[in-house]
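For reference, chains read A, B and C in written order, and residue numbers begin at 1 within each chain.
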Amino acid sequence: MIQHVCDALAKVRESKPLVVNVTNYVVMNNTANALLAVGASPIMAHSREEMAEMMGFAGALVINIGTLDSQWLPRMIYAVEQANANGKPVVLDPVGCGASQLRTDASRQLAKLADNLIIRGNASEIIALAGESAQSKGVDALDSSDAAVNAAKALAESHNCTVVISGATDYVVNPDGVVALDNGHEMMPFVTGMGCSHTALTGAFAAVGSNEISAGIASTAILGVAGEIAAAKSAGPGSLQMNLLDAIYQLDEDTLKTRLKISVR
Amino acid sequence: MIQHVCDALAKVRESKPLVVNVTNYVVMNNTANALLAVGASPIMAHSREEMAEMMGFAGALVINIGTLDSQWLPRMIYAVEQANANGKPVVLDPVGCGASQLRTDASRQLAKLADNLIIRGNASEIIALAGESAQSKGVDALDSSDAAVNAAKALAESHNCTVVISGATDYVVNPDGVVALDNGHEMMPFVTGMGCSHTALTGAFAAVGSNEISAGIASTAILGVAGEIAAAKSAGPGSLQMNLLDAIYQLDEDTLKTRLKISVR
Amino acid sequence: MIQHVCDALAKVRESKPLVVNVTNYVVMNNTANALLAVGASPIMAHSREEMAEMMGFAGALVINIGTLDSQWLPRMIYAVEQANANGKPVVLDPVGCGASQLRTDASRQLAKLADNLIIRGNASEIIALAGESAQSKGVDALDSSDAAVNAAKALAESHNCTVVISGATDYVVNPDGVVALDNGHEMMPFVTGMGCSHTALTGAFAAVGSNEISAGIASTAILGVAGEIAAAKSAGPGSLQMNLLDAIYQLDEDTLKTRLKISVR
């Protein structure tokens, strides 16, 4: 699996895939910079007057509901429809799913709509997104990680998709199994939009034709390894944000192979 | 007062209060990061479809009119109404009040509406917000600081609120008196959104149940001390922005006690 | 020409011109910070309820279509009309012109509307903006730089404006000639919004009464020199973004005179 991650990174840097982002106001700058740092070409666009054209030549669509409202939701629905029409993968970030009915409903609607779907969220978002379908498996849950992985399995089966769960340990789940990654650093949640960058990076790997689980593993591996390299140099979250972009930009195959902690569960 | 600031910081870090921000496009990332660095939990949200829910579990509401338009103003009014309905404090940043009729009118409307109000602005915004009610006291004004403090006193009395004035010397004014704080650095105004971060941090302290004047003092103290620590390490405003987040994150009680310059006027 | 650049920088720092920006969500923070670092005073505003007032006291208008939609376009048109009514220069950034019909049409409409116009884009945007009028000159094009300069010449003549082309070599083109600048660094395109900052800085120089070609030369010179100073200290695009703001803030006349590579073509 480690070699697959290295190959995927090389492919992104070589082919500079276009990733269309319909995302939130808070993180647009960060996620565009994360995509540039990894070698991809970000487009932040949302107008229905250009989305069909854009999804024609883009490699993937990233949808992030972080600052959702009644104007943005129809744009996101239309963008997913255009991704479907062009056979392009959709990476969905259900920011705050469970924190309001608006976000829970919108996340479910968008997840149901996308043909080729990767979902990236934290444990509580994934659990809320899965809702009752996950609770039926919840009897086995020992802690929130177990509950989230069970919710992700339910989503992966019902939507035939890949689910990436961010946390102290990250999980990438699809209908065939679970992969766990143990990189990253505890300071990362003190930078806003770190999860959103995770989602955007997943779009870069999906855009170069990695299958859904490989894209999720590659972005998780690269953000985790770059994040722990950056955190070691950082006095706080301000410098972490800066050093993270440098670390993604500089990341090489040897560093990935030395540091990546990945296992099949 | 210094011990109160230290206790308030400890309380924010321990209880991680949720602060809902209806703010401007320019600073959303900065103010979310400032809230994370101090230990709070930011939510940047504006939709009327979720604001009632959010104000039910949030600790405070921050309203910032920096990129106001006819779509955002009704959202802000609705958010203040929900804060009132839930008994939550509102921190208002009247960005550009006085620079256009739209901003002056909106600032006054929002200030009048909020039940538990803290206003944070620079001298010219506070003077413009107070308008004629301040000018009646203006005969005593010796310089712009005096004029701003007089305007703040008028606002504090008419709205039964606390007013925080940012400047070379910062002032926190309520109906009972004036506190002056003398930290900070002259490079800080070269970073966009520094005042907006000041406002957001005030929301974090209001959210943990500090009374209005204590919340204003705590945020002013912490931004001022962290700002001067950060500026000492910074070659310019780019590094200042980064170092400021690190300094807020690292700030401890001893540093606050050693550096804080605060006095009752 | 080098002394003109130094004088223009001194004038911006002395007079702190107000620059109104109707720009995109991704770069609002960066471009505000670039304007502050160079000594100007940015206002990010877009509401038609305040634009007439703002263009009354602002020195220049910056229009950037990076996250265009059907709500933003009328705001941009109205802002240009108010700039015209007040005799203020307009700097247009046709982000993504050529990538969608929406962007191409909007760029052409805005360029046609502005009375005192500077256009700042990359080669492909300038070529797309010029469209057929440039292709008639395209027979002489030897590479994309030549094609872009030819397109810029066509635009400069048809719109009686100045055109700034960003690239490995930057060009400033007006009806009277072409100036080439050879500063900058290959890492700069890995930071999102670098071109948008170029556009915003052009607004600062236009706002202090530099004629259009002088404003374009000054901003290009300063971003290029500051960018190469910053890149020399930067391990990647994260630190480059930070160091760039520091370098703009610190830039002095001696450094400009030593480093600036400028020639008339």
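We adopt the following convention: a contact is a pair of C-beta atoms (placed from the backbone, for glycine too) under 8 Å apart; a residue touches a chain by one contact, two chains touch by 3 or more.
Quantities reported herein were computed from a predicted structural model and do not represent experimental measurements.
Because contacts link each chain to all the remaining chains, their graph is best described as complete. Different-residue interface: chain A and chain B share under half of the residue numbers found at their contact. Chain A and chain B have Cα centroids lying 34 Å from one another. Residues of chain A in contact with two or more other chains: 25, 29, 241-242. Against chain B, in their complex, chain C makes its touches with residues 25, 28-29, 32-33, 36-37, 42-47, 49-50, 53-54, 241-250. Touching chain C in their complex are the following residues of chain B: 24-27, 29-30, 66-70, 96, 99-103, 189-193, 234-239, 241-242.
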